[in-house]
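Shared chain: chain A. Partners: chain B in the first complex, chain C in the second.
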Partner chain A sequence: MSKMTTILRLPSSPSNANSLLSRLYQSTPALLLPVIGLLMFLAIWNGVAKSIDTSLGQFPGPAQVFEQAGALIDEHIAQREKADAFYQRQEARNAARVAQDPTYQPKIREFTGAPTFFDQIWTSLYTVMVGFLIASVVAVPVGILCGLSKSAYTAINPLIQLFKPVSPLAWLPLVTMVVSALYVSDEPAFSKSFVTSAFTVSLCCLWPTLINTAVGVSNIDKDLINVSKVLRLTPFAHLTKIVLPSSIPMIFTGLRLSLGIGWMVLIAAEMLAQNPGLGKFVWDEFQNGSSESLARIMVAVLTIGAIGFVLDRLMLSIQRAVSWDKSSVLR
Partner chain B sequence: MTGLKTTSLLKRFRTASAGVCAALAVSVASFSASVAAQAPAVGWPEKEELKFGFIKLTDMAPLAVAYEKGFFEDEGLYVTLEAQANWKVLLDRVIDGQLDGAHMLAGQPLGATIGFGTESHVVTAFSMDLNGNGITVSNEIWDKMKAHIPQENGKPVHPIKADYLKPVVDEYRNAGKPFNMGMVFPVSTHNYELRYWLAAGGIHPGYYAPHKGDTAGQIDAQALLSVTPPPQMPATMEAGTIYGYCVGEPWNQQAVFKGIGVPVITDYEIWKNNPEKVFGVSQGWADKYPNTHIRVVKALIRAAMWLDENDNANRPEAVKILAKSNYVGADEDVLANSMTGTFEYEKGDKRDVPDFNVFFRYNATYPYYSDAIWYLTQMRRWGQISEAKSDDWYKETAKKVYKPEVYAQAAKALIAEGKAKASDFPEFGTETGYKPPQSEFIDGVTFDGSKPNAYLEQFKIGLKGDTVL
Partner chain C sequence: MHTKHLELEQVGIDFPTPKGPFTALQDVNLKISKGEFVSLIGHSGCGKSTVLNIVAGLHQATTGGVILDGAEVKQPGPERAVVFQNHSLLPWLTVYKNVELAVKSTMRGKSKNEMRDWIMHNLELVHMTHALDKLPSEISGGMKQRVGIARALAMEPKVLLMDEPFGALDALTRAHLQDSLMEIHADLGNTVIMITHDVDEAVLLSDRIVMMNNGPAATIGEILDIELPRPRDRLALADNKQYNHYRHEVLTFLYDKQKKVETVSSRANQAPTTNKHSQQLAKPSGVSSEKKDAKKSDAA
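Presenting the complex of A and B:
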């Protein structure tokens, strides 16, 4: 704090000031600086957007993006009203058919209209969570194995290095084919596009967790290992009492990186796998080519960024809760 | 859609119980009356929840109209329409069952059934529209072409043949610059129309040689054709990667609106009233759900009738529906041009083309075998079918893919329900599925669907007879 005030040449608060005021005064830079940064960014964005005016459209500025965000909310509300009307019509139709054909078993079907922007956000979140969980369930145990056993690591490492750089768009045709061939059922619980997207996310985001877990486990403090040897802990107790708690920081670093990568990969995978999420929204808007499309894509870009930020903070708070060293600094 | 079950369930029951009581009494009475008045000529649908795919082009209109106007719901069908990323993804998803049916290029069911590309038996019982495409060239190419085109009253004389493009292509080739053009898919109507137009002007568009593994289609080519997705076409042309493209609307009018290029010809002028898109389903699906298939065709016929009703009076409303972001999504004024019967060539040169999009007139929705055979002949002409085939092969393949029997059942059901008149449709008792010989092609060659090999002999450029590359 004092360094901050020196940099900004703010006079240090008077020693006899009200403590609340002084705290506010000292934390002003922390609150003000991000706001100033944001305002400057908006101003620069507005200026740059106005100057990029090509035959393919004008780059959307903050005003158009805000307008389109409002339009998306309105469309969501309108679609919900259409859904209500749909269910009413369905009830009436079912009743009429039962009156005519008493053997008919009426079913309530979900609204057939297109998913709104908010439905798509939910679908994307749902898909990335499933993909991330599958990746973590595979990566953490394998990472622990690699960390504990040098020979396992030497055996598995070439595979890790080989598959790590592969882009999701390269995996996608293969995953689509495998899912099409193996996931066959008349009444599928999950749509194929969802399964394809989730698996592609898993394939791409398991590597950071795997590597970081292996590194974390192999770098356990020698003293702790000695304690385990002295106390003659069973392998299971060694794992749960020594290995896991001390490698939590590295595991969570890996998980956070994985979630970030998974979220990025999902948007790309959805564009081609046609999972009805944010990726599909961006692709469909691009195909629309209307004068509002670019602004709508910008709204999606900002939403993707905001959600990525929120997911990262979520992982951070989970890490804080699970970490045994409450005094350690977590960023 | 999978994650919505919990939240929508609560909302669903809440709203259903709240609003339904009053509406129910009235609706049941009216529905029972209307349903009881006619016993269904077609049985109840076997599968009621359907998902159809489409590509964002104006001729997906029958699907959008059938949904928005409740024609699908009238048939007891709960249809979800979903835009697809590109033609390949769309076809693959129909084949593996993720989509029940889709808006398809007329060549796709044929190509898939004969095994060019992914092999699968795909059929169609409904032709979605006639015409609807255009060929656009970049501003640079247009300026060069214009010098050769005859003018009348200060405006270029239409139709603009590829003869006027030939000197420009030669100029580029002599300078060592390959003349690249774009189309949307190897078995697309756009590919065949662009090739037909180029060949009629003496420009060789290239051969395919799938038996040798060459599916680029550029053997011996003077103009190099490659696949570009429609939304990327204006940007690709602006960047100079392609000098022109053949695509459906709104991408030709987009080029004019944005000042990137100039449409030179519509496919109406290349082949008057050519078949464009079809509604395709897999053979397996059609076998498993016959009643559903007939009901889908019924709803689509009603949508097509609505689109052409009263001399296209409903087209402005159709434009509003298509402008929604979940359908075609382009700006209304860009869509309005072609859908309401005008087409802008050069900026300011708007001409009347009332049949630019035909959805029902001239028996546009009937799946004629001769239409299928034309596409098969063009596949042979350019080498996608690598060896000679007998006339009977063409006819049998057309019969395998095009299903006018299903169309006839749907039409008859509509006539029985009073929703259509028998005069709207061809005479089912005597219709052979072959149109009389057509000669309104840009090069004047006559097409007789019953003699495909003889037809191929008439072309200067193109494989014919027993030639194998």
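Presenting the complex of A and C:
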């Protein structure tokens, strides 16, 4: 952008006002086209929504959805205030009892109000990140192993091919039962539903990362491998100096695919298993069946999309930061 | 030519193919003395690169073997540094770091300052100290090859193996780098084996030119001693009778004795080579079939 303006400020555009105009004109398509697309979508949505009558009332248009988004924010703020008030009361009560009886051990009780939309967003985000991290920690090393060793690849490939096409939702009942059976502790650090969701996400995040890492590692330039051989690099140096840098782009392609799939699967898993999160919010609203439900579900749909987009951009900027090839076009 | 330094004895190699083993090289015998500059020349596909890779230890000979200073070559190592045709610098490391990697992995136990001095010394030899912090993608092809040579020299190799080091460069840059290489060779006195397609380059740089027969089962055809006094000057040599005689010898070998008849079966859709009178081999076809060669041997 700055480059463009300097070019435009060359003699061809003498006055400042002129250059500003031409700058606007130049950058118009880049700014305007997405806005046009968005407006067209809103118009079509608005038009179509009016002509759809469901048993829960008219399908919500942009206006109703916007209204419900506001309502959800208000509810969240109200719930927070309730929680704050609850903790204040509890503190005051405890202080009073301790004053009466110094030996009294005050009990701190958690606020048990229903989780709001934003609480659910946070739960989902947290779950997907944990599931994704577990999967990455497993998939990247195994992928590197498969890329480096043909025998390891031959041994593991049938498993990859067998489990890759399985919808993680098919795993969900099994994961739920296994977690219930094995994850027993008196004071669990995480709730069972969280562990189940995160594990289900992990199961589907594994494959894209694993496969892309293996492909990336096995496609390293033969000459670079020869360089490593001539230098007699230690296995560790070979890994850190040659293998990892050259396969970083493919690893990240896999990671981004994984995170995208993980986010999609998580919402479905939460709906199916009634585990807290955005999926549960959608399901609860659907079961609730009020006249506002559809608009609230639509808010959730748009939020899920926006978060998915932000997560992908986040991965992209990490990829940019760690990739050596700054000139490559990353999309 | 006095002491035995590097010996290739009865070297041959078979590559497995679906139709059974393919003998690419057979009975290659060569003795190279310390400090000698030897060029390997021959038509593309004759196994020059395979010879070099066997000396480097990147390929294992099926028969015979390579002996360097009394020890058999069994695996690649820094005492036989390779300068690859396409430079093969690590694209994520700067010029300095690329050489540093070589120094760090071959000169363990030296102090940081010693290492730094050694890296700088080698980059000075190739006149690349001005681009220490540049990535390979930010410098020209000739500069990359210079860094590749500096990296190889920094390993303090007994033998420097160069696989068409200047093949991908334009004529002017190539001449420049040839001059640099002559200077470095005069300074350091390394033993060098270089593969080339360029007759002028071979005559200008070498003490001996090893001309190879065409494959399959390629072997050494003729060896030509180049007894031109050093330092050599390309301008002065242009009209030198002896120089032109050597050139003529190599050209005769390549285009008369080993005239390559490309058959339709061996290379589909290509007319027989017509560059009989050209002074230099057609580069593009040479490059592409070298690549094929490399692939074939990779599969092995």
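The rule is short, and it goes like this: the second predicted complex is superposed on the first by the 292 of 331 C-alpha atoms of A that agree within 3 Å, B and C clash if a C-alpha of one lies under 4 Å from a C-alpha of the other, contacts with A are read in each partner's own complex, and residues count from 1 in each chain.
Everything below uses one rule, namely that a residue touches a chain if its C-beta (ideal position, glycine included) is under 8 Å from a C-beta of that chain, and two chains touch if they have at least 3 such contacts.
Everything numeric here is computed off the predicted structure, so don't read it as measured data.
> A:Asp325 in the overlay: touching chain B, chain C, both, or neither? Say first, second, both or neither.
After superposing on A, A:Asp325 lies in contact with chain C but is clear of chain B.
> Give one of first, second, both or neither to describe whether A:Ser293 is in contact with chain B, with chain C, with both, or with none.
A:Ser293 sits against chain B, while chain C stays out of touch.
> Does the superposition put A:Ser247 against chain B (first), chain C (second), both, or neither?
After superposition on chain A, A:Ser247 lies in contact with neither partner.
> Per the contact definition in the header, classify A:Lys222: touching chain B only (first), chain C only (second), both, or neither.
In the superposed model, A:Lys222 contacts chain C only, not chain B.
> Going by the contact rule stated at the top, is it chain B or chain C that touches a larger number of residues on chain A?
B
> Pick one for A:Asn212: touches chain B only (first), chain C only (second), both, or neither.
After superposition on chain A, A:Asn212 lies in contact with neither partner.
> Using the touch definition from the top, say if A:Glu110 reaches chain B (first), chain C (second), both or neither.
first
> What residues of chain C sit close enough to touch chain A in their complex?
Touch list, chain C to chain A: 56-58, 75-78, 80-82, 84, 86, 88, 90-93, 101-102, 105-106, 135, 137, 155, 294, 298.
> Quick check on the complex: what are the chain B residues that touch chain A?
Counting only chain B, the residues touching chain A are 1-5, 8, 12, 15-16, 19-20, 23-24, 27-28, 31-32, 35-36, 44, 48-49, 56, 67, 70, 73, 76, 78-85, 89, 92-93, 96, 98, 229-231, 234-235, 238, 250-251, 254, 258-260, 323, 325-326, 328-331, 334.
> For the complex, which residues does chain A have touching chain C?
221-224, 226-227, 229-234, 237, 241-242, 245-246, 324-325, 327
> Using the touch definition from the top, list the residues of chain A that touch chain B in their complex.
Going by the criterion above, the answer is residues 55-57, 75, 83-84, 87-93, 95-97, 99-101, 104, 107-115, 119, 122-123, 126, 176, 180, 189-194, 271-272, 274, 276, 283-291, 293, 296.
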